[in-house]
Amino acid sequence: MAAMLVATTMAACGQDDGATSAPKAPATIPELTKDPLTLSFIWFDWPPAHALEAFANAEYTKVRSNVTIKVNTVPNANWHDAMFTQFAAHKTDFDIPILDSQHIGEAVTNGNILDITDFVKKNIDVKAYNPYLLAAYGQYPQAETGKRDENASLYGLPLLGDTWTMIYRKDLIGDKPPQTWDEMISVAEKCQADNPGVSGLAFHQANGSDAAAVTYNTVNGVYGGNLWDSKTRKINGVLNDAAGQEAMDVLVNKMKPLTAAGSGNWFIDEVNAAVAQGKACIAFNWIAASGGLLDPKQSTLGTTREEILDKLGFATLPSQKTNLVPLGGMGMHVSAYSPAANQAEALNFMKWFEQPDIQKKWAAAGGVPSRTDALESPEFLNAGPFNKVYADSVSRMRDMWNVPEYARLVDIENTNVNAALNGAKTPKDALNDIAKEQQGVLDSGSRKGGGGL
Amino acid sequence: MSDSVPLTTDHPGQVASATPPAPGRSRRLSDRGLAVAFISPALLLLLAMSVFPLLWALYLSFTDYSATRGGPAHFVWFENYTAILTSAQVHLRALTTLIYVVGAVALQTVLGFSIAYLISRRTHGRGLLTTLFLVPMMLSQVVVGLFWKFMLDAQFGVINSMLGSLGLGQVEWLTRQRTALISLIVVDTWQWTPFIMLIALAGLTAVPKYLYEAASIDRASEWFRFRTITLPLVWPLLLIAVLFRAIEAFRLFDLVYILTSGGPGVSTETLSFHVYKVAFLGFNTGTASAYGILMVLVVIVLTQLYLRYLNKLKED
Amino acid sequence: MAVSVDEAVSTGPVRDHTSPARRFGGRGRSVLEIALLTVLAVVMLFPVLWMIETSIKENRDVYAIPAKFFDFTVTLDHFKDVFVASGGRSSLSGSFLNSFVVAGVSTVLATVLGVPAAWAYSRFAVKAKKDQLFFILSTRFMPPVVVVIPIFLMYRQFGLIDTKLGLILIYTAFNVPFTIWMMKGFVDEVPAEYEDAAMLDGYTRLQAFWRFTLPLLLPGIAATAVFALIFSWNEFVFAIFLTSSDDVRTAPPAIAGLIGGTTVDWGLVAAASVVFALPVLVFAYLVRKHLVAGVTLGAVRR
């Protein structure tokens, strides 16, 4: 007992000396083991996670027969905590964490994932990608929207691309999707008035994960707002400028009244349920989460996939002052705490995964690839009605901040946008509170009492 | 911590009888040895798993340590504590928690006692009734939270569906500031009313019959009998039940996590939920530790209260 | 003796024929009371019934508006889905297995550690006994969210994060105080004279405990263990923060994980909840005699 006390106390004092930076992965893949090996991923529980496990076990084992792929899944709400508590433990049960793009800053600053810049230079054909896609899932410090900084380090490679799609009822509003945000709102308004029991809109409003925050960020982008000035690290005065205020006004006063009563805690699955039950004219959801909409077992819109597709249309988001759309999806990274053999295998897997033919197969298996050739391939475009939406959206994407303080920034935004959507705060107060509190988080060094309240 | 605290329920004679009739010196020693051998493993486990972590948290609460950011911990002394005690965010959560605790515990006490009283007056089917009423209490909070979330859903939930059939409007149970907190209270009440009921029933059925018989000869009014015989006998038990519930409700986390995740906005965030956010979103371990220590202090005060009542009860 | 449900049944009613209640409107009032009790019972049990109903409905009936109470097609598919997934065992069934292991082992440990301690506290004059017992009790009252922070830091030093052993240890630590308090009550009820008599016959104290007291304690131990089992079985906070992999995760976080994907299969959630709740209800029924003591950490026994 005493020994344990001493050991633990010493360990507590002795560890973590100095802020770490990410350890480097070798440029060339070290020799791979011939022994049986399980390559573990961690993701949240959704269909792409199961698709990845099935796909990788079917295909990767063709080249590496001694390897088994295991994709650990955790509840979405627990995803960030599950990864970062293990990072904090300096022991992970996964080799490849699938981080949200915004998690990169936190993971890199804490030294949790490998720097794979040299590995990418030597093994990956970077020209095959839209530069921003490559940057979004791997670069830190964060890339400017639409660009990649070739001198910046890379910490991950794209696994699954994603963005929002507009889902609309062709039988209620016609085949042609609205082109501008204002038009979309008026179409939804008319549709709601014409079809009792069906609401005009359905979108993410929940205060968990990044639900309400992404919704506001999307409207903010479309109406010409900015989330922050990354160079001066300024949020207050940028987020809540005139454009930002207008976006919040549109969201709360024009869009929210067209949603169903009690939809203030909706996220991915509730929006899907509303669409599948025929309760929404126009809905917004992540493409990677939309596959279930075509499943007749879950839907009242038709008894076959074709019948459902007669009623449901998928389109890129309408534009207004800009045509920005939210960047979704996740990259693959390598845990700094995995055994060497697993890290080598992880690098080998990543190299394998980013090959043109594998990317096409991944597309056919239900994944969303990132290589331009795969995105343009018939395998991808024909795999789902929303895949063309993704291909068309690639050049329009914008991400949030991927600073180490991301988890707190997004929580502040989530809770305040959620409060505004549900009448617990006025839109103006909510936006000003977000700007003020987020600025406080960015400004406060971590070395101060009472941080995080 | 407490010499006033009465914990032993030992019968007066027991300590004496615990000593063997003809105690040899060696036997006494072996008794002591036996006591140490039997008690110390349990105590060591508690020291390692409860006390040591708590002391560690106490140490961290005076520092700016972060579990993920690395770097050594610097002493900031009472900065975490003053920050917490003066934070408007914390005050808001404290108020929410208070409303929740008072509302939920009051509601389930009234309901639980009423049900117990009604059951105690029945001759037939008491066992079955009691057993049925107890089901909610045995369920996991996860199951309770998930399922009520489904039932309270404004669109597809059965509660609004029934209200609709009755011609009443839809209620946004989980997405309006007031109703969300009320929903939390209702769900907790649903789950824990059986707890109060069970204990109240224990008190009610233990009231000696002859007291009532004497009262009925006196032709005392029923309210008078309830007030002078039933209530005084059940009251102490009820208080224990209430204190138990208050302590449990004070640390509520699971239900909030699943039912509302604190929303709308932060209007159903309890203290426990806020601690979680400080600890696992920002990984401000030092602040979270101080927050936790303050909560533990509150619990210890409540526990003390509880034990004092227990003492009083035993004396009566 | 703890007041039990059985006792509540068998004890005669508080009033008899001459009960004054009769004088106050007799029948009418009795009918009113029964009606009130029925309404309350329906309200309290409705969610449980609705859960069972949802678990045997097809998905399109689950979302039907207005809700379908009786006219739906019965299906057992959801229960099948709880245990079987395409291509073998479902991950949910794996988490049930983990729950069995974690809850079972931690209960055994808590019993092995707690029962002897309870006996010692009951029989011997231990130094600062009251303080010790208060300390033991107070550890049980700490908010789990608070405890999990230092436990997390400690576990990462010992590599116990995301291991069954880690969960077992913390559940044991939470169950030992309960076991000691609950068992001390049971030991108090067994006269110490039995052991004294045995010792006069030449047995040692330990033998006396083992041969004479312990057999008398067995029903109490069983009841206590069942309550410890229920706690570990239902626990969520430690489970969600200390575990993440399928091999370790217990059922409560696994069931919570059923929502928040892309579609919510409420039928599956309901079926999983029913399967998960069933053992607890069976166990609770088995220890119904000791429920009052069980839910109050042995504080209320009467």
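Letters A, B and C name the chains as they come in the text, with residue numbers starting at 1 for each one.
Convention: a contact is a pair of C-beta atoms (placed from the backbone, for glycine too) under 8 Å apart; a residue touches a chain by one contact, two chains touch by 3 or more.
Composition by chain, UniProt nomenclature: A = ABC transporter substrate-binding protein; B = ABC transporter permease; C = Sugar ABC transporter permease.
Here the structure is a predicted model, which is why all the values come from computation and not from measurement.
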Query - Most heavily contacting chain pair (counted by C-beta pairs in contact) - result: B-C
**Report entry** Farthest chain relative to chain C (centres taken as mean CA coordinates)
**Finding:** A
Query raised in the report: Which integer distance in Å separates the CA centroid of chain B (ABC transporter permease) from that of chain C?
Result: 15
Query - Distance between chain centroids, defined by C-alpha means - chain A, chain B (ABC transporter permease) (Å) - result: 39
Requested in this report: Enumerate the residues of chain C that touch no fewer than two other chains.
Outcome: 63, 152-154, 241, 253, 256, 258-259
Report task. List, in ascending order, every residue of chain B (ABC transporter permease) touching at least 2 other chains. Result -> 48, 52, 56, 67, 155-156, 280, 288
Query raised in the report: Which residues does chain A have that touch at least 2 chains other than itself?
Result: 8, 12, 77, 81, 85, 88, 273, 277
Query - Residues of chain C touching chain B (ABC transporter permease) in the complex - result: 3, 5-9, 11-16, 18-21, 24, 33-34, 36-37, 40-41, 44-45, 47-48, 50-51, 54, 62-63, 65-67, 113-114, 116-117, 119-126, 129-139, 141-154, 169-170, 172-173, 176-177, 180, 184-185, 188, 192-193, 196, 199-200, 204-206, 230, 233-234, 236-237, 241, 252-253, 255-256, 258-259, 266, 269-270, 273, 276-277, 280-281, 284-285, 288, 291-292, 295-296, 299-302
**Report entry** In the complex with chain C, residue positions of chain A that touch it
**Finding:** 7-8, 11-12, 40, 42, 44-47, 70, 72-78, 81-83, 85-86, 88-91, 93-94, 209, 267-270, 272-273, 276-277, 289-292, 297-298, 300
Query raised in the report: Mind pulling up the chain A residues that touch chain B (ABC transporter permease) in the complex?
Result: 1, 4-5, 8-9, 12-13, 15-20, 77, 80-81, 84-85, 87-88, 106, 109-112, 206-208, 260-265, 273-274, 277, 279, 404-405, 407-408, 411, 415-416, 418-419, 421-425, 441, 446-453
**Report entry** Of all residues in chain C, those that touch chain A in their complex
**Finding:** 59-60, 63, 91, 152-159, 161-162, 240-241, 244-246, 253, 256-264
Report summary line: Note: in the complex, chain B (ABC transporter permease) contacts chain A through residues 44, 47-48, 52, 56, 64, 66-74, 76-80, 82-84, 87, 89-90, 153-156, 160, 170, 172-177, 257, 260-267, 277-278, 280-284, 286-288
